[in-house]
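Common to both upcoming complexes is subunit A, partnered first by subunit B, then by subunit C.
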Partner chain A sequence: MSGTRAGGPSAAPAIPTGRSRRVRGRPLLHTSYAQDMALLDTRAKRVSAAALVLLALALSAVLTDPALEVLAAAYVLAIGAIGLNIVTGYAGQVSLGHAFFVAIGAYTAAALSGPPGGDTLGYGITEIWVWLPAAGLAAAAAGVLVAPLATRLRGLYLAIVTLGLVFLGEHVFKEWQELTGGVGVGREAAVPTLLGVRLDQDGAFGTREQQLYLLMLVLLVVFAVAARNLARSRVGRAFAAIRDRDIAAAVIGVPLTRYKVLAFGVSSFYAGCAGALLFTLSGYVEPGSFNLLLSVQFIAMVLIGGVATVSGAIAGALFLSLLQPLTRALPALVPVISGDTTQTPNVFQVETVLYGLLIVLFLIFEPRGLFGLWIRVRNYWKSWPFSY
Partner chain B sequence: MTGTLETIIRGLGNGSVYALLALGFVIIYKATRVISFAQPALMLAGAVAVSYLAPVTGFYLGALLAALLIAAVALGIERVAIRPMVGRPVFVVAIITLGIDVVVRVVVNSLIGRDVRQVGDPWGFDLVALGPLVVQQRWLAMMAAAAALVTLLFAFFRHSKYGLAMRAAAYDQETALAQGVSVSAVFAVSWALAGFLAAVAGMFVGTGQGIEQTTWIVALKALPAIIVGGLDSLGGAVAGGLVIGVVESLFQSYQGAYLPWLGQNFAIVSPYVVMLVVLLVRPYGLFGTREVERV
Partner chain C sequence: MSVLEVADVHLSFAGVKAIDGVSFEVGPAELLAVIGPNGAGKTSVFNVLSGVYRPQSGRVEFLGEDLLARRPHEIAAMGMARTFQNVELFHNLTVLDNLMLGRHHHFRYGALSALWWFGRARRAELAARAEVEEIIDFLELEAWRRHPVRLLPYGVQKRVELGRALAMEPRLLLLDEPVAGMNLEETEDMARFVLDIRDELGIPIVLVDHDMGLVMDLADRVLVLDFGRPVALGTPAEVQQDPRVVEAYLGGTA
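Presenting the complex of A and B:
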């Protein structure tokens, strides 16, 4: 932001900067660009964000281990959803190929941290600060390689091409048995070791699930803040300009190719990191898991949560991840629904139908997703009791 | 040589099925500018409907009834889920069709069950001799049916009042509205036609090997076909479908011997490779219209 004003002679001291001029009791009155661009621009947002993070931290001590594992997986999926939101939500490039980049991250990490000399490729580097960035960078490299196609194509052409990418990737990963172990066999996933401490075993910081939960939570916060920062920067504004009208963006001087490549690169980086982390929870990767359904799940998270909002992507990921344990509890409440896969209707069918229906219903009735619902609630209470 | 020709005939047979599916995609795309990801579910639903109707009514009548039934289902989907979305970004509508696909497929899968269902077709894997060539009857049936349907469709678009209305609406919706064309009726007819074609294609996919829960993947091969042909070209859809079918069949027969390093079952993903290659050379497909933007 400072860069835009530095050069001109009109960088006059008349424009107030900093937070000093905040008017008490008027949180929405911005007296400087810095306030306008702030990460959390009102006191309420700062307080509630801090409270949410504290609550999430506290949950690690309260919840049972299985519940923590579900939440940890949700946090990882949220990282992936934030990544998809960068390319699809902020930059407006529809990608159905997210599962492909997730797979690249997962296998890069698994290969780096795998035991050397085993059935599958492995280099024995289990430190998370090595394999996590490496997984992200490998996926980002793949994203940048794909991006030239993206810059030539628009809209649904791009969606179909990225869909083709998923199928090609699935084929490669199924066939490349030295890396992936092959269909139905799979291989061990990346081992999270932080400075010599194995986080996937009970240790000094609590049980296995507690440690992994905290790891995923910290990483989610880091990735979410990074995405928010990207979105409010020059790059984020360029993305939004391309999404809203790419020709207009080009006319006002946004280099389309560079920013589309950047969007794919960053998004794939997130996907790669999410892929690397996702399978540390189960400890096992199977090449069949990176199919079109995974991509659709990420799309669903972004759409149900709220397009082009980081908090929405997180909410969507949490919502869809919690859907699974909730539907698993249904047979006890609704006797018609069976827990047995051979019966109809069973929980898996209910879960899949809910997926599809939720996507359709949200898009028809609340296109802004969960984030939009929150905005409605907030606006209602803002003017309460005169909200009509 | 006969082997190659037989391979090509198999490819043309499968390709005509892809062409029917691709036509469905293109018809919806031309009318609404949306790619309907619900086509795979409709295809599977068509095949399942045939498999239930054929033992009761006989195969040919069953196939016709099933196709009409799926056309009605597609009409219903359009009315309930797509019509409220007119004027919204195409991406959003495309994702809605993705959601519908998921829902419909769950219902259809529960009708299929765990095992393979036979559609009750008269051809099976029976062979027929064409001079020196020995090919399966079903490939010829697919080609004949596709040729008949494509001819009918093109005649419909070319010569009937409704076909003209659909072409007008595809060309410019507002002008068509001003001339008295009911654009909403055009949307509905497009979906019904696409559902009909998908059901017929599904029935042919099920000939011989039957259908199972994973059969829906076949319908996605029509996506490379429409990209190769160009999203908004009916002729391109047919050509693209045939090209994809033949390429896939050639890979199926010869890739194991000549390009073994590509791995088993490469034929299944070969359509997507063809699509990528074509897009690198011609971003709007072989017969698609280049998008011209005015600033």
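Presenting the complex of A and C:
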């Protein structure tokens, strides 16, 4: 117990913390803390994670271009959903303002990479490694500015304030025509160029969709692993502490304000990057896109996928994105539902209702979301065919 | 030199005097018990010490430094650790994560290292894990390591909370009713842990509890409060003989 002696310096632990042996056939027998704390701590996890990534890579060669575009959009939305999960799932600060930060990222990137001297603001910097971090940082800065509200408000009150942010942003983006092109007109989105190679045109690495798909996949993996690392570090633990018991968190040494600001900053960074990438797929940004529905969509992804899990956020984004092609096919199948926004009921209204319904059903029957369903399946098969 | 010095602290909420002129000192490796009837202001004293409440007047010095201008997390970083009367653990986290959170202010790496993980963050986490395992060993929590604390029995939760406070490497430990609601065996275990902490680790302790048997057995000195006012301060034997203490607990003779 020498390590915890009051005032004394931490003694070097005599317990193995570094390299150690693995025992064949005993995947759960860890002989060092390094093994025990690894992200993929069992062989099964390592194999399945590698298989998933390989499968995702292989899909780019197998699927048709329209299908790839849907999946690429899902990956980008997953980055945004992970961001929302950081502030709402891990840190427990309910934010309805995610669409606002997505918009800031989208317009920062679009303005940086837009052609100079056009109708809308543009600086002609099309390299993705410039505009992507810039978009993230701009959104993060906005998040940090909003965060002090979270230190004063809690729960519903914070939700309402962040809701106001969406309407504020929507108005500004609709009126600021120099930047956004205005309602119904819009502007060209960020152009993804990687070291001089334009990824939004058919090129050396395949068709436009294949290149964009691979780009989004790689970025999703990077963002997801970073989020997992954050979640298992002191920062992620501090977020969870603030979510579960904020006073106790302060009393054991977690500075509340600093970590709430950090949560909003990181979350908005993810949102900004997602916003910048999302519209490169269609090549076009319309200021009406950043409405409450987009925020609700992200919340639906988090709740349906699994609160405070990175894989859940990805699963939720994939689930909702793959649902969309199905709902968009509804007008052809059900004559009552119209594909035109001026008609009632139309597909978009049906989608909104469906998101709400799914959130309600998941909260009632499986509050842990798709991630919880996965846990149930896993636990069932763990002891199969025995009951325990 | 005393570890903690509290001098003439007054705290009131509107018309209610929660603490009315309390003064005491805690010496190195001393176990001071604070007792009193319900509403006597025992927990309020703790809340002043950990920075949750700010008293209207008085002076609190911890290791020679003034505490009153500081925020809770700064006081924690100075080495003040506490447990709560009603278990205030982070319910969705595992026992391990709760204990690791106790070490929060000992970490030096930031968010960027955390995102990358390899290098600073990983080294610090592994070292912290080894420290936390010592506490798991000390408090016999091995079987519960991976369990979310909300699923644990109450007695174990109390022990985890003590562990979280120990993980902070405290210079002073505040225990708010560590054996409240426990059965005899759990109480005996907890008493043993408290004594070990003081004797083996040399950490001074301020203890609040209603279990008089425990308090009189463990404490070096006892402070008795009633309606926020100090009634008596002395060794357990002295305090037990004090007629004012009897009056505070049982009421005056009619």
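One rule holds in what follows: the second predicted complex is superposed on the first by the 334 of 388 C-alpha atoms of A that agree within 3 Å, B and C clash if a C-alpha of one lies under 4 Å from a C-alpha of the other, contacts with A are read in each partner's own complex, and residues count from 1 in each chain.
Operating definition for what follows: a residue touches a chain if its C-beta (ideal position, glycine included) is under 8 Å from a C-beta of that chain, and two chains touch if they have at least 3 such contacts.
Not measured: the values here are computed from a predicted model.
Participant: Have a look at where A:Val62 lands relative to subunit B and subunit C in the superposition and call it first, second, both or neither.
Facilitator: A:Val62 contacts neither subunit B nor subunit C.
Participant: Per the contact definition in the header, classify A:Ala204: touching subunit B only (first), subunit C only (second), both, or neither.
Facilitator: In the superposed model, A:Ala204 contacts neither subunit B nor subunit C.
Participant: Once the shared chain is lined up, is A:Leu28 touching subunit B (first), subunit C (second), both, or neither of them?
Facilitator: Neither partner.
Participant: Looking at A:Leu195, would you say it contacts subunit B, subunit C, both, or neither? Reply first, second, both or neither.
Facilitator: Neither partner.
Participant: I'd like to know which partner A:Val336 touches here: subunit B for first, subunit C for second, both or neither.
Facilitator: neither
Participant: Contacts for A:Ala238 in the overlay, against subunit B (first) and subunit C (second): which applies, first, second, both or neither?
Facilitator: Touch partner of A:Ala238: subunit C, not subunit B.
Participant: Could you say whether A:Met37 touches subunit B, subunit C, both of them, or neither, answering first, second, both or neither?
Facilitator: second
Participant: Which subunit A residues are contacted by subunit C in one complex and by subunit B in the other?
Facilitator: 247-248, 251
Participant: Of all residues in subunit A, which touch subunit B in the complex?
Facilitator: Listed in rising order, the residues are 94, 149, 152-157, 159-161, 163-165, 167-168, 170-172, 174-175, 247-248, 251, 292, 296, 299-300, 303, 342, 344-345, 349, 352-353, 355-360, 363-364, 367.
Participant: Per the contact definition, I'd like the list of subunit C residues that touch subunit A in the complex.
Facilitator: Interface residues on the subunit C side: 50-52, 71-73, 76-77, 79, 81-82, 84, 88-93, 97, 100-102, 104-107, 109-111, 113-117, 121-122, 124-127, 129-131, 133-135, 137-138, 164-171, 200-203.
Participant: Give the list of subunit A residues in touch with subunit C in this complex.
Facilitator: Per the touch definition, subunit A meets subunit C at residues 1, 3-7, 10, 13, 15, 17-18, 33-34, 36-37, 39, 226, 229-230, 232-238, 240-241, 243-245, 247-256, 262, 266, 308.
Participant: Write out the stretch or stretches of subunit B touching subunit A in their complex.
Facilitator: Interface residues on the subunit B side: 34-35, 81, 84-85, 88, 90-92, 94-96, 98-103, 105-107, 109-110, 114, 220, 223-224, 226-227, 231, 263-266, 268-269, 272-273, 275-276, 279-280, 283-284, 291, 293, 295.
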